[in-house]
Amino acid sequence: MTNSNTDLKPASEFIRENAPERFIYNMDPEKHEIALSTHDLQVFYGDNLALSEGDLQFERYKITSLVGASGSGKSTFLRSLNRMNDDVATVKGKIMYRGVDINTKKIDVYEMRRHIGMVFQRPNPFAKSIYDNITFALTSRGNYTKEQLDEVVETSLKQAALWDQVKDELDKSALALSGGQAQRLVIARALALKPDILLLDEPSSALDPISSAQVEDTLLKLKDQYTIIIVTHNMQQAARISDYTAFFHMGKIVEYDLTRKIFTRPKVALTNDYISGNFG
Amino acid sequence: MNAKTADKIATGVIYAISSIVALILFAMLGFILVRGVPHLSWHFLTSPARAFEAGGGIGIQLFNSFYLLILAMLISFPIALGAAIYLNEYAQKNRFTAIIRTAIEILSSLPSVVVGLFGFLLFVVQFKLGFSILSGAIALTLFNLPLLTRSIETSLAQIPDLQREAGAALGLSRWETVLHVILPAAVPSIVTGVVLSAGRVFGEAAALIYTAGQSAPALNFADWNPFNISSPLNPMRPAETLAVHIWKINSEGIMPDLNAVSAGASAVLIIVVLLFNFSARKLGMKLYKKLTSA
Amino acid sequence: MDNITKKLMQRSESTRKDTFGRVVSLTALILIGVVVVAIFAFVLSRGLSTFFKDGVNVKDFLFGTTWNPSVTNPATKQPYVGALPMIIGSFLVTFLAAIVATPFAIGTALFMTEIAQKRGAKIMQPIIELLVGIPSVVYGFIGLTVVVPFIRTITSGSGFGILSGTIVLFVMILPTITSMTVDTLKSVPRYYRESALAIGATRWQMIYKVILRAATPGIMTAIVFGMARAFGEALAVQMVIGNAALMPTGLTTPASTLTSVLTMGIGNTVMGSLQNDVLWTLAMILLLMSLVFNLIVRAIGRRGAMK
């Protein structure tokens, strides 16, 4: 072998060497309405740094996917956005929402979470009736007439594409629903509070393919009125439904861009490896 | 001796041991019920005890037992519930929590006679409550608190964290989630725990002999004004319970039908405790079914 | 600043409710803590006054063999307050009951978990629960009307004594030790059993060499819990032991325990007198012993965890 080898590298290797290590899409506030943004977010579990350099902007009325292998920090990042991690982790950095940093002591987390709702991987309906599941958070903080509540229940169940299946059994225990139905009930429950932003942590990974597709349809319909941020490990799902995609790796955001760019021409080699299934 | 023979012998011994244990229970239950049940009558259950002649009943003692039980549960349940909520929902893993947990553990392992003596010292003597329903109820509360707290805490811990996350994600505080989500879901198992502890409290005597006292003054069951001395509801009167009565008459009783009264009273005590144990599970299961289906 | 932003910066109703709930539940918890501290403070202060106020020698109290607090020893000008008979009585019934109960408890627990899992649990579980539920005065009554006369017929004495106390306590602590042993045996991982059986061990070899070894710390804990219950049991023992504050000379002569002397005596002495103070000292010993049992359980737990 001679040293001519170095001159005759395959093209892919060449790209790899010249590719940036990190690419974060920067939105122009003039052109995009930014609903939520994070600035140098760091999350520690004890002394363990689980996520760093979290700088992302989320555009209003768009769906943003957070993808990456398990343990990459995507769920940690998502759960920090409405401070669900407060009890278990230390979150440093800024989370800007409506012009204020919501990652400070001054912010009332309970009020904030009414505007930034969350849906989890496993459906978690309350051991109450379908109706009460939806109205419960509302009635615990204010007075509503029966008519108003009825309307909220109907609208949110319709938005979550569950109304037709349960409208005759609203008094039934929510624990009797199937997995897919329960997950859509949980989405309806979150929507009943009319949040600005909906965070979803792998909302369809515990569901069968049909229920999963129904949840996806629901999310696409909700885009008109809600800013949606979703963690998923399903690449096809991210490609199908999201406008933006952020790729997480080992506690850092490696690439953030328009979904179609990430999936067709990723700028970072690692992203290319991941979406083409070379690891993870 | 080869391994196969040893295995056979050991299995035989284990079967024998288990049979003996079962036999002991059935013999005891049989003894109490066969001796006691024939003595049970409406008269026995409702009339006052007699010290010197035969034919006395256990009416007042039975009433005292239930009255004390209800008072003790009324005092101990809210405290145990609060403590359990704090331990399971708020407490962080730190020194304070560890110390309190140890304290509860120690309280639960204290002999009930010591708890009773403490109640005697503080409430009967120091606070001048005398031998009274109130002193007894407080002593029973101290006796009941650690186990009830632990049982409620276990019930709360069984509710998956998913439910707490669900509440939090809807902007509900920990307290609201506990009150409106966790507690209702835990009700079946909490009820089971409460009724089981009621059975224990009902049969307790050592904590009561120096707090609620060992005498059962005559009561006027027509007078329900708690401020009247002969009213059954008066919390300041001494009140011998059924369990204390059994101990008392066997230690120093002189009525001729002592054994029959003891057996009858023991039978009532056991039947009530068994009913508590039985209904605790039934009630819990029923509530759970109601919660998950309807 | 718009309305929503303003609301984000205010304390919401949820926060107020949460603060309220946290304070209320913490108060309840602290109340229990205060009760424990108060029990110790009161019993210790009364119990120690025997030594500090009445000037009784600790050694005389713990090792003296004559208990008669109302009589003064002419030689020492001190009342007879030797608590050794009761201390020995308490330890004797406790250890004997534990020794008898342990094989029964382990056998029953093995029956429920290893020999006849389904049927065993179905039959024995309610039996154990019923035994736990029977009030101690009922045990005492049965002891008095069955055990004591039985002992009387087979021995020459009155039937009251350590032996009757042991038998009653044996039945009382049996369910405690059994149910805790069952929990321990259940927590032995399945693959322990499978790997033992796979190499050709008989069921008994598997139980004896694998299961019981693995479960030893848990079984020890169960026994200590049973002993703590026996040591602190008052009325059932008091009813059958004979209540003679004498050094036990045999298993069938009347004796006494710390708890039996306490239950008999507290009502018959005057608060603040020496006769009363020494009884509180007995209560103090009971209190400290339950602390000791607690420490033993913790020590076993730590050693088990280290392995």
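Every chain is named by a letter (A, B and C) in the order it is written, and numbering of its residues begins at 1.
To be clear about the criterion, contacts are C-beta pairs under 8 Å (C-beta built on N, C-alpha and C of every residue); 3 or more make two chains touch, one makes a residue touch a chain.
Please read these numbers as outputs of a predicted model, since none were measured by experiment.
S.K.: Going by C-alpha centres, which chain would you call the most central?
M.R.: Of the chains present, the most centrally placed is B.
S.K.: State the chain with the largest centre-to-centre distance from subunit A, centres being mean CA positions.
M.R.: Using the mean of the C-alpha atoms as each chain's centre, the farthest one from subunit A is C.
S.K.: Which two chains does the highest number of contacting C-beta pairs join?
M.R.: The chain pair with the largest number of C-beta contacts is B-C.
S.K.: Counting in whole Å, what is the centre-to-centre distance of subunit B and subunit C, each centre being its mean C-alpha position?
M.R.: Inter-chain centre distance comes to 18 Å.
S.K.: Averaging over Cα atoms per chain, report the distance between subunit A and subunit B in Å.
M.R.: The separation of the two C-alpha centroids amounts to 50 Å.
S.K.: Distance between subunit A and subunit C based on Cα centroids, please, to the nearest Å.
M.R.: The mean C-alpha positions of subunit A and subunit C differ by 55 Å.
S.K.: For subunit C, jot down the residues that touch at least 2 other chains.
M.R.: Residues 14-15, 18 of subunit C touch two or more partner chains.
S.K.: Going by the contact rule already set, what residues in subunit B reach two or more other chains?
M.R.: 171-173, 176
S.K.: Can you pull out the residues of subunit A that are in contact with at least two other chains?
M.R.: 110-112, 140-141
S.K.: In the complex, go through subunit B and note every residue touching subunit A.
M.R.: For subunit B paired with subunit A, touching residues are 160, 162-163, 165-166, 168-173, 176, 180-181, 184-185, 291-294.
S.K.: Touching subunit C in the complex: which residues of subunit B?
M.R.: It is residues 3-4, 6-7, 10-11, 13-18, 20-22, 24-25, 28-29, 31-32, 78-83, 85-87, 89-91, 99-100, 102-107, 109-115, 117-118, 120-122, 125, 142, 145-146, 149, 171-176, 178-179, 199-200, 202-206, 209-210, 214, 243-244, 246-247, 250-251, 259, 262-263, 266, 269-270, 273-274, 276-277 of subunit B that touch subunit C.
S.K.: Quick check on the complex: what are the subunit A residues that touch subunit C?
M.R.: Touch list, subunit A to subunit C: 97-100, 102, 106-108, 110-112, 115, 140-141.
S.K.: Once bound in the complex, which stretches of subunit A touch subunit B?
M.R.: Touching subunit B from subunit A are residues 82, 84, 110-114, 117-120, 122, 124-129, 136-137, 140-141, 171-173, 175-176, 186, 189-190, 193.
S.K.: Which subunit C residues qualify as touching subunit A in the complex?
M.R.: 1-2, 4-5, 7-15, 18
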